[in-house]
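Handing you a structure now.
Labels run A, B, C, D, E and F following the written order; every chain starts at residue 1.
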Amino acid sequence: MSIAANPAGGIVSREIFSSETLFAKELERVFAPSWAFVGHTSQLANDGDYVLSRVGQESVIVVREKGGAINVLLNSCRHRGMPVCRYDDGNASVFTCSYHGWSYDLGGGLTGVPKFNEGYRGGLDRAQWGLIKARTEIFYGSIWASFDPSAPSLEDYLGDMTLYLRDLLQGPDGEDDGYEVIGGIVKWKMPSNWKFGAENFSGDHSHYPTHLSVNRLNISLSGKAERHPFAAVKAPFKFLNIAHPGGHTVRANLYEALTPYESMWAAVPEVDAYYKEAHEARQKRLGDKARLYSRGGIVFPNMHYNTGGRTTIGIWIPVSAHETEVWRWLFVPRNAPQIVKDTLRHFYMRYAGPGGMTEQDDMENWSAAQRGTTGTWSRRHPFNYQLSPDDAHRAWPEPWLGKDVMVVAGVSEHNQRSFYTRWNELMSA
Amino acid sequence: MSVDTQAAGLAQLLLQREVEAFYTNEVELLDDRRFTEWLDLFADDARYWMPIARNVAFDRPEHEYTRERADANWFDEGKDDLTKRVQQIVGGDHWAEEPRSRTIHAVTNVNIVKAGEGELTVHSRIIVSQHRQDDDINHFVGKRIDLLRRGATLQVAHRTIYLNQSVLLAKGLTTFF
Amino acid sequence: MSIAANPAGGIVSREIFSSETLFAKELERVFAPSWAFVGHTSQLANDGDYVLSRVGQESVIVVREKGGAINVLLNSCRHRGMPVCRYDDGNASVFTCSYHGWSYDLGGGLTGVPKFNEGYRGGLDRAQWGLIKARTEIFYGSIWASFDPSAPSLEDYLGDMTLYLRDLLQGPDGEDDGYEVIGGIVKWKMPSNWKFGAENFSGDHSHYPTHLSVNRLNISLSGKAERHPFAAVKAPFKFLNIAHPGGHTVRANLYEALTPYESMWAAVPEVDAYYKEAHEARQKRLGDKARLYSRGGIVFPNMHYNTGGRTTIGIWIPVSAHETEVWRWLFVPRNAPQIVKDTLRHFYMRYAGPGGMTEQDDMENWSAAQRGTTGTWSRRHPFNYQLSPDDAHRAWPEPWLGKDVMVVAGVSEHNQRSFYTRWNELMSA
Amino acid sequence: MSVDTQAAGLAQLLLQREVEAFYTNEVELLDDRRFTEWLDLFADDARYWMPIARNVAFDRPEHEYTRERADANWFDEGKDDLTKRVQQIVGGDHWAEEPRSRTIHAVTNVNIVKAGEGELTVHSRIIVSQHRQDDDINHFVGKRIDLLRRGATLQVAHRTIYLNQSVLLAKGLTTFF
Amino acid sequence: MSIAANPAGGIVSREIFSSETLFAKELERVFAPSWAFVGHTSQLANDGDYVLSRVGQESVIVVREKGGAINVLLNSCRHRGMPVCRYDDGNASVFTCSYHGWSYDLGGGLTGVPKFNEGYRGGLDRAQWGLIKARTEIFYGSIWASFDPSAPSLEDYLGDMTLYLRDLLQGPDGEDDGYEVIGGIVKWKMPSNWKFGAENFSGDHSHYPTHLSVNRLNISLSGKAERHPFAAVKAPFKFLNIAHPGGHTVRANLYEALTPYESMWAAVPEVDAYYKEAHEARQKRLGDKARLYSRGGIVFPNMHYNTGGRTTIGIWIPVSAHETEVWRWLFVPRNAPQIVKDTLRHFYMRYAGPGGMTEQDDMENWSAAQRGTTGTWSRRHPFNYQLSPDDAHRAWPEPWLGKDVMVVAGVSEHNQRSFYTRWNELMSA
Amino acid sequence: MSVDTQAAGLAQLLLQREVEAFYTNEVELLDDRRFTEWLDLFADDARYWMPIARNVAFDRPEHEYTRERADANWFDEGKDDLTKRVQQIVGGDHWAEEPRSRTIHAVTNVNIVKAGEGELTVHSRIIVSQHRQDDDINHFVGKRIDLLRRGATLQVAHRTIYLNQSVLLAKGLTTFF
């Protein structure tokens, strides 16, 4: 059975965006067996620092225990389900439940139970009743969690995507783990299915009519028209849609050659100077691979990111078939001058999220399109993803792009087809 | 009352009225979509800041809202940015505002907490009701702190808006506060 | 299986008003195969004029193309479902999607696809990806649409109801297509099942306790007590409940003879004069059939209308089992003096809709009764529609009332029984 | 301030206060259900108009609201109609208001935009919260334009109420605005 | 099949708090066959007095007919479901429906039908179409109703619980039917499953971390620390968890001996004096059984009560799996001086309900815990009710506590296990 | 205007301003969580009363709200009770307010209906928006009647708050009105 119709052929049923039955199944089949991005090590500077995050719909505590190890714990008391942590962030040595007082250490261990001896009289095996602890892995500063014991390792889960994720987390100068998160996770709700967001970040390059207004206004800081700073670069490149068999996708420019820096931030000379220097350092550090300039992508199913002056990681939190909560972490280069950090921060705020001049129009369209998924007649007609079909190359145009990736150059709905194909595999099994 | 007391009382009342009239005029400009005139109410070097709220423990109130010019915020910008936002709306191609919102802004409890030589610090509450299409509806309620500069007319030199929401319950902040 | 219990016997299950499962089935079985009223030609004066309307829950564009033909198009882009028209009304030569820019002509044809050649490379058959176009028919100015290719023709769907619909659309002077719609479709939501509205308009003549207050206040303009202008007429008549096998129903007075005009609008002499003249012209034009004075009715399932000084057509838009959106088009005689148009407009606004002194109390009762459909115990006890049973006559008292109509004279729940019998046929098949 | 300036300032403040007090009195009458006294606030020839909103393109703002005395409106009527509505409510047999609503009306941002000889043009915002039974709840927010006539007391000669909603989210408009 | 996992063993599935499917089943299996508390005779002083109440989700009219008999009628017109009574309370001789005017006498009999003769022509048997009347029983002033004809008598339904219910309704001086309800039923909604409330009142003695703040503030009027007046009593007692096979539960102190009054209301000397006198009168009246001092409990499934200076009866009205409406009747000793009544009234208002400093924190925890019942991962881990297992004694420590009760002394989750065991029996049958 | 009329008018305006400023100050204290200072606005013998609404027939309006010092009410208490409530919140262990609410209170339509020697009777509307965590949200709208005592400063001697809701749509009344 194919739930999503024929995604490889560019035909996707509308029902997958509106059926609450399929939504419930998605949580089990698509979200539960996956790895989730839950934060970044720069959020946890000191032992005891914690921050709440989400794995699928679940609230989790991401906490740094004594010695620096990071744990991801299900934020639900084993006694009667109460969230044991009720603050967005803070520093703690123990989490004590406000309902009946069970308390847990930073590894989730149930260390305190009122009336443990005289009440439970040996009948409560505390080792069995600790907070549910996720498998946790750190990848170049990014923190990942999975509650599924049968999921592959994070590295296997990512596959060739490790290249792009590492690249994302490298500073503009190509140094590993070169970013830090600024204060304040941006969180909001939108009235559309999470997959509208996912497919957009996976690579919806034909949606420029959405952004007529910001293109008209030149919101980039390149001093030139368009909304992207990198649009100012004139060096020849191939625009690549890079799809991974695990459902991850990447949008990237592959420049034909290593070329000198071209101004992308002319509006703020200090920033332009920083990027020039970084550009050169990166070429030195990465060599030929510095030709790769990522623009954004997703780690299947719901982590999404942008680069190119808007370095952010986000998650689409599935609330219902018709509602999604969005969280965004804003990244700035760890070692950049303050003016670079400020400029990027400001650029992001004006670009993305509910206050962002660009993404406001994306979300308007996603939420309006959402209504087209429920009607008696309209839902009988599938969506179309047939742009640029049948031309994917494996491990192309450079083998180092990944041995399993399937790549299409130019504007295409290839990445979206791949995303729904992977989704369909999991759902139709 | 002595004549002097009267004069002082009257002056205080007139100042209060002036500021209330300023805000009433402002909400009328916004709700009538006279955005260009609305921009004129801001000084050229004005800042417009709306932080993000976090849920924090009782003993960390200073951490409740993100910081201006440092953290992620809903808005943290200048008049040039506000101008771009206005230019975006009036073009007819900013889909999140096309068709346009119908908004109603109400300002209450105007409190001149400091009346300096050339500047006033004014607190107020703002209630915003926004409707688009048939069912795209937002309600915002905010606490505002303004620095008003006194010249020929009043102008906003700095505006802070505190919303109550931590997770924003709107897909777009396409109105002004 | 009989889902509605025994509607012909006046026994109707409460569950049909509250079950979301049955509601979903209604959309498929009752709404999908029907014809829907979507508007009136007077709303589309010029080529390119369009207005949004609804077919069942679906948003549709009713548009007049070059040359005057009227099309009804599903307002959902075939690419990714976005509504291609986002304004309640206007004038257009093309509908361009704000998401990725596909554009459609006024016949729904997909005329513009960005990257059509270099992107789709012949793989997209535009003829297959136009907007979904409804079958559209015009009946004396009223516009009807159906998306069901196997539905009968509108005329067959209406059957004998054509007589009454034509009558509704005749001016007070009996001239065909004698009405025009005034500006502003009245739209609101109410917290009750759509069938409470449908059964009311089909003929709920025993609900006068609902309207004690307006009867007390004499809101008619007859200068006499009561809320209906026609209540002032003293000529003898039979009150008829006329039910059609297709589920349509009519409430009408059949006067015993052609009698001179009796004043119904004494409060506004000019209006009274107009109606006197129209009364006489109508008798001349229609002869004996002018004895028929319609008061209201429904075209199955959800079009409803009133006459008698409140000439309006409305639709109950099914939102959920517990919520309904209502739209009303207000009609005035096309050729009447302005004062007649103004008086009727004012009379309607004070009578019907959320601002109407009469219908406010109807909706209060419908929404309160709605709660009686969900309770553990109350829903085990069916509703009663047994008023005036077993006395319907076919094609009576005049054969020209329709060869298939079943008619009961006097206050009765006959029309409601017929409505639910038809509903039950479709649902229980 | 000169004595004259003072007098002018004071007169302006007193006028503002008079109008604000008029509206405050009005909402108290409504919320206390003193409807007959409320009717007295309207001139005998008063008009009460609430148009219907449409969702239209940015370049057709004049088409956004239906027209007075021409199109369908939520209300477009005179004092006789308002009087009938009041008579309907007080009888105890108007089921949509039986049991009665508990309402709270708030008026803010009173703006005297024109003070003519015998008439004032006044803009304001109105916030209405209506509760009936346990869960029949409506919230309305509106922009109001009044023509107030000055006689022994102020009276409403013409009232316009703009609601934001296009599809009305209420089954009955049984309160006044 | 065991829907609740293993409640007797202290393991309860989280799904029973969040599944809407189970919720619908609860209404049929748990609520429908039970007896419901609907009010108190002191609310109906005169013939014709009525008050609206609830049986499960259903609205019912509790009315005193001529001669004093009390009826409980389903508040839903048999014609089309309209509530025939639309006021919270009042005095009536007939209930006339506002929709079509059917009218019912205070026994529910359908006495008035417009057009009864000429319309229904003998086809409507009024005896079959009266308001649905519940079985009604009065127990020491409390009014109970059941719509289930196969339910046992109230006395059999209560079993040994009659002792505790009678005790609850005895004045502080031990006189039967010694309480009256004060004006104003307290009603509110809370975003959690009704069973969080039920299990709390059934006996959640380990939830004191919930009430740290009020314990700190000494909100009791004993003049001593703690929030309960009875906490000031130093006489030795056993704290008993008393569970009935029908699912009812009681929390009570059983003092070791009849001891003199110890001050519990020192803050208000007149109240203290009243209680002292009552204490002595009660010992005289009840003898050895006066050693029993109830603190609260539940009558299965959703009636709950507190004593000890907060004498209240409440019901959890199931709205959905995630929402509950709560009603509370406040009782004061019928014959006490006004200052006692005032003090108790004030004590309650500051203690319980949405304005109550104590219950605010209960409800905060219940509604937060509710969220722990839905997550993909968290709902796979059952709740734990294993506190003080395996130590229940039948009819212990005094046989007069009830021949079928199973009792545990001390802090325990015994009552909760019993509650869910009974629930599970009904649901899993 | 005569000088006397002017003086009377000015005095009236100053009183109105004084009362409005009192309320504006009050809502700022509440929203800034300066609860101890807020308590200072109440006289030591102050009463704070919020009755419960019932749905009753049109001819029993006197039965619509429960009675002070007689029936069940949402609040019917004194300053000592309010003080305990404040002490509860500030401790960090009152879970229903931990993390704390973010509130915005707005007061409008301040109406001095009686200005006696030492006391003022003042009506007003209060709009309260309360957010906690991500989605624990309450909106309250109320009608308020205050008895204000005039001393060195104004103080609330008696406060009545009428909410519209009969079944309260909140699990906790943890803010002040």
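One rule holds in what follows: a contact is a pair of C-beta atoms (placed from the backbone, for glycine too) under 8 Å apart; a residue touches a chain by one contact, two chains touch by 3 or more.
Keep in mind that what you see is a predicted model, and the values were worked out from it rather than measured.
Listed here as common contacts of subunit D and subunit F: B, E. Among the remaining chains, those touching subunit A as well as subunit D are B, C, E, F. With every chain reduced to the mean of its CA atoms, the largest distance from subunit F is reached by C.
The greater number of contacting C-beta pairs, out of the two interfaces B-C and A-B, is seen for A-B. We define each chain's centre as the mean of its Cα atoms; on that basis subunit C and subunit D are separated by 33 Å. Centroids of subunit A and subunit F (each the mean of its C-alpha atoms) stand 47 Å apart.
Looking at subunit E, residues 86-87, 98, 187, 210, 361, 364-365 sit in touch with two or more other chains. Multi-chain contact residues, meaning those touching two or more other chains, occur in subunit F at positions 10, 13, 55-57, 91, 95, 98-99, 108, 127, 133-134, 166-167. Two chains count as a pair here when they touch; such pairs are A-B, A-C, A-E, A-F, B-C, B-D, B-F, C-D, C-E, D-E, D-F, E-F. Listing the residues of subunit E that touch subunit F in their complex gives 86-90, 182-191, 210, 212-214, 216-217, 219, 325, 328, 330, 342, 345-346, 348-350, 353-355, 357, 360-361, 363-365, 367. Chain contact summary for the complex, subunit D toward subunit B: residues 1, 6, 9-10, 12-13, 16, 53, 55-59, 61, 64, 108-111, 123, 125, 127, 141-143, 162, 164-167.
Residues 27-28, 31-32, 55-59, 74, 76-83, 86, 96-101, 114-115, 118-121, 123-124, 129, 132, 147 of subunit A touch subunit E in their complex.
Here subunit F touches subunit A in the complex through residues 95, 98-99, 133-134, going by the rule given at the top.
Those residues of subunit C that touch subunit E in the shared complex are 14, 17, 204, 206-210, 361, 364-365, 368-378, 381, 383-384, 386-390, 410-412.
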